[in-house]
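Take a look at the structures listed below.
In the two complexes below, subunit A is the common chain; its partner is subunit B in one and subunit C in the other.
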Partner chain A sequence: MSVQPTAIELPAELRESGRLRSLVALYLATMRMAIQEQFQYRAANYFYMLGMVAEPVIYLVVWTTIAEQQGGSVQGLSAGYFAAYYIVWTLVRNMNIVFGAPYWEHRIREGELNKDLLRPVLPLHYDIAYFAGWKFVVILFWIPLAVGLSLVFDPTLDPRAFEIVVFAVAIWGAYLLRTMLQESLGMLCFWTTRGAAIFDLYMTTELLLSGRLVPLPLMPDWVQDIAQFLPFQYAFFFPIESLVGDLSNAELLRGLAAQILWILIGLAIFRFLWRRAIKRYSAVGG
Partner chain B sequence: MNALRVTWLFFKIGVLNELQYRVNFVVQLFQSAIALAVGLVVLALVYSHTDELNGWSQPELLCVLGVQILMGGAIKMYIQPNMTRLIDDVREGKLDYALTKPEDSQMLVSVREVRIWQVVDLVSGSIVVAVGLSEVSAGVGALDALGFGVALLLGGVMIYCFWLVIATAAFWVVNMWTVVELFDGVFQTGRWPVGIYPGWLRYSVTFLVPVAFAVTVPAEALTSRLDWQTLALAVGFALVLFGATRWFWRFGLRNYTGASA
Partner chain C sequence: MDHAVHVAELRKTFDVPEREAGLRASAKSLIRRRTTEVKAVDAISFDIAPGEVVGFLGPNGAGKTTTLKMLSGLLYPTDGDATVLGHVPSKRERDFLRRITLVMGNRNQLQWDLPALDSYELNRAIYRIPREDFVPTRDELIELLDVEDIVRKPVRQLSLGERMKVEIIGSLLHRPQVLFLDEPTIGLDVTMQKRIRSFVADYNQRHGATVLLTSHYMADVEALCQRVIVIHHGRILFDGRLAELASTFTAHKTIEVALENGAADLSAYGEITYRDGDVVTLRVPKVETARVTARLLAEQEVLDLNVEDPPIEDVIELVFAQERPE
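Let's turn to the complex of A and B:
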């Protein structure tokens, strides 16, 4: 017995809205799954977070020491500012963890990509949704950590309501921006198996130009000039500064606009590379 | 004597094994160069805003950086690979192969692996120390050099003990990997003299994870700040820690039932 497939012709705009609705459903389902999955690994998630705290605490202590030696501030940045900067840093850094470029190598080598390609949506959607869901677990776990660090280091933090709103948006902007950069970089793995060297270089550039190492005003002027024209600071310095610093409303909105611009540029680069990558991809097994 | 022979044998096998993968040397060279460059940039950045950090001048902190790279290289060359293999072996049930051999089990699990390309970090760390020292005005006396050697050795022993305790815990707790990540983060505190940290953190990275003994104390010897009390404390603590670690290893073994291979 065979069933004759019947094609129902839908008007174009109805088909579009159906596509969007199923994409939203996919995102919600994937996020819910990520939350449940990651909540099971509470201890591992927490240890990972604790290990990460060493980095900002070291920076914080060094710059606080210098600030105190010089009568309370470095370049107008006080010890309380540094404390606030590096405590907020921990949340932004956690938001910044995305599907990393090196994992594309794993995905290709282990043949996982074959399974992903059989799905009707791009792996990119799945990555964004999964890590976005994970972030809810991360934010929940981060709260006690932030309280602890605040008790120890005494940050100066009194944001306006609008700054808090912008910050809440900007951390997700940072998440999407870094996702686009890392996924685009990951496309390299379709051409070479020695991407590690380039990933190292990328991480170093990002470390120096994003505000991860120090608040950008501490960098020499020429470094700040270069950083202006690169996306890195919008995934690190801008979100932190939106809460910790005192940017004007116009500067805050301009920052968000820059995030959106860089996300779109990143997306365009990713799509360009992805089309070419998938054409030359061939796999065995999986 | 036998222990030394076995160690040497494993070392030779390990080196021969690693020599097959010569491209790894280039990879290591590249990674070390990047790490060193970042370290130097950070130092330059800090000293563009201040002349001294907690009483340490830039060349002196260069020595600290060098010692940290050197010690990090030694850890990644010898200590960490053996301990991560131990953790893996426990999980996969392969530890029985080592336990059935007619040698001291602690010695055996501590010498089976060597990552020879980490020698890049040993060399570059030494160069950084030398460059730093050449700019320190006071110079290094014979006594300082001797103190440095002793302190470095003691520091290495203490880090080894820390790792073995962690690895031994794998008898009870399966997922020790996260602790490995934790250590890498904490070891970065060694980049700076331990005196700049607030009390709770200073004690943690001295006695809980002996980074201070492994990096700051040798660097203090080089820059003529080491007093004999600190060195005596290092000797005492290393001995106590070594004894306690050995006891803990045996205690762990007694409770280990083996998963069979």
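Let's turn to the complex of A and C:
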């Protein structure tokens, strides 16, 4: 069989849907696919969630014990507050799981970025949409865990309707904010093949300044001062506090505004680095 | 547009870290890292007309895949120019990426745990294909490759050949006008190779698509490509019709002769490369072919005689083993 070069005229281009409508369709299709994939691994997901509960339960037991030894509270935070804080923590922590910086190393070294780069869409969109889809599965699996923890630890939780609304927005803000930070950090992988040391430094800083290890009010004043000027607490402490704490409406709105600001800063950093990083890509592997 | 693909003095070099084996060399590399510049692609130039199917041949490490990656926008060239459908690939414009595809035979681009149909839906969203165009295109491709049942199974449960077929469909849903195919039949059995080949030929004829194909299977190249570009050590050794490759690179012809008397000694006519009963294959210098043929016919009792260029595999092997003769 031999093929003659055919007509010089190129085939008519496939039509294209409207850009915004198509972007929404991309997000929906990717999220749907992520949900389908995660449902295939429901047992693994449950064990993963159970493993994830271990960390806050340890914190919770420690702080509850300290609170009880100190007459019922630590620096004005009651045992019931700690219970509520760390139960909500489990959800916020799960919302904080994003396409992490270390995975960029894998993506580059294994050549997986090749397939992403062939697509006429920024890989960031795909990452955001895929992990957002996963979150719906996480939330579904979290509900019975939260009920179980509440029965055991008796949290003090009495949010106002506005706080619930802000919390519902803030957990997605936290997701986007941490995505931007991790994706930007992941760009380092284009310059170094071993970014693990830098990622560890980042994780330690985040652990201390985000409210993940302890509620920020328990940290020394100077640590709280530093944390104010960094994005970490808006991905962790603020969403929890919006539901568990007693923030005024103005404070709640300021928190959401800070999230938006840090998301935009993160996006700008990512785009700046991405444009330079991609020129260094050596497309190893297939 | 005169050319679907235009390449001029295209180069790609990589800085590759290099050190001796052992702890001492390892410690030294901490202080001073030595790198070597590797020229993966060294000033190559060629043009491909719209609708043309071109074979891109070369041994492993010749620069084929690096070239394909530059043309599909994965790699930034170190120097030189390349345009595909009028776009500069390294700019990775959306309109460019919607009009090309790169199929790599050894890579999986679909979602591993889901049926291919789900990944196709994702591709529809990624390439922003209206549903009324997507459905007929998808169904046509599924029918052409005869994978109606396969596309409903999770990709991880498919055989290599089945996976390749569903991969190809995923790569063509947006009806690309330029196809870069990197070893599309690697690891497949002969039947599956033929199926993929005829599919590529059919797609080329139906849509007038331009195809640049690399393959180590000469059957792929012979079936699909009239023109081949041979690359070696990052440089182009040959660019022309497949039929001309043998005449350019070999100074010999093959004479296959069937004799009445199979025991006759033909070593005086040329180098005997094969003997099977009464049939003898001789390798003779190209310039002496006519004279040797005349002598054979005059001096031996010949039942049948064929003069041919050497098999294309032998020619390619020869090309890879030598630089182009001046």
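In this section, the second predicted complex is superposed on the first by the 267 of 286 C-alpha atoms of A that agree within 3 Å, B and C clash if a C-alpha of one lies under 4 Å from a C-alpha of the other, contacts with A are read in each partner's own complex, and residues count from 1 in each chain.
One rule holds for everything that comes next: a contact is a pair of C-beta atoms (placed from the backbone, for glycine too) under 8 Å apart; a residue touches a chain by one contact, two chains touch by 3 or more.
Just so it is clear, the model here is predicted, and its values are computed rather than measured.
K.L.:
If you stack the two complexes on chain A, which partner ends up touching A:Gln69: first (subunit B), second (subunit C), both, or neither?
P.N.:
The answer is first: A:Gln69 touches subunit B but not subunit C.
K.L.:
Can A:Val214 be said to touch subunit B (first), subunit C (second), both, or neither?
P.N.:
In the superposition, A:Val214 touches subunit B alone.
K.L.:
In the superposed arrangement, which partner chain does A:Gln36 touch: subunit B (first), subunit C (second), both, or neither?
P.N.:
It touches subunit C, and subunit B stays clear.
K.L.:
For A:Leu118, select first, second, both or neither according to whether it touches subunit B, subunit C, the two together, or no partner.
P.N.:
second
K.L.:
Who does A:Tyr281 touch here: subunit B (first), subunit C (second), both, or neither?
P.N.:
second
K.L.:
Determine, under the contact definition given at the top, whether A:Gln228 touches first (subunit B), second (subunit C), both, or neither.
P.N.:
Neither: A:Gln228 stays clear of subunit B and subunit C.
K.L.:
Is A:Thr192 touching anything from subunit B or subunit C once the two structures are fitted on A? First, second, both or neither.
P.N.:
After superposing on A, A:Thr192 lies clear of both subunit B and subunit C.
K.L.:
Tell me which partner touches more residues of subunit A in the superposed arrangement, subunit B or subunit C.
P.N.:
Touching more residues of subunit A than the other partner does is C.
K.L.:
Spell out the part of subunit C that touches subunit A in their complex, as residue ranges.
P.N.:
1, 4, 14, 49-53, 69, 72-76, 85, 90, 92, 94-95, 97-99, 101-102, 104, 106-107, 109, 111, 113-114, 118-119, 121-122, 124-130, 133, 137, 174-175, 177, 182, 197-198, 201, 204-205, 207-209, 223-226
K.L.:
For subunit A, which residues are in contact with subunit B within the complex?
P.N.:
Residues 43-44, 47-48, 50-55, 57-58, 61-62, 65-66, 69-70, 74-75, 152, 196-197, 200-201, 204, 207-208, 213-214, 218-220 of subunit A touch subunit B in their complex.
K.L.:
For the complex, which residues does subunit A have touching subunit C?
P.N.:
1-11, 13-17, 19, 22, 25-26, 28-30, 32-33, 36-37, 40-41, 111, 114-115, 117-121, 126, 278-279, 281-283, 285-286
K.L.:
Show which residues of subunit B lie in contact with subunit A when the two form their complex.
P.N.:
For this pair, the touching residues of subunit B are 27, 30-31, 34, 37-38, 41-42, 45-46, 48-50, 52-54, 175, 178-179, 181-182, 184-186, 188-189, 191-192, 196-198, 200-201.
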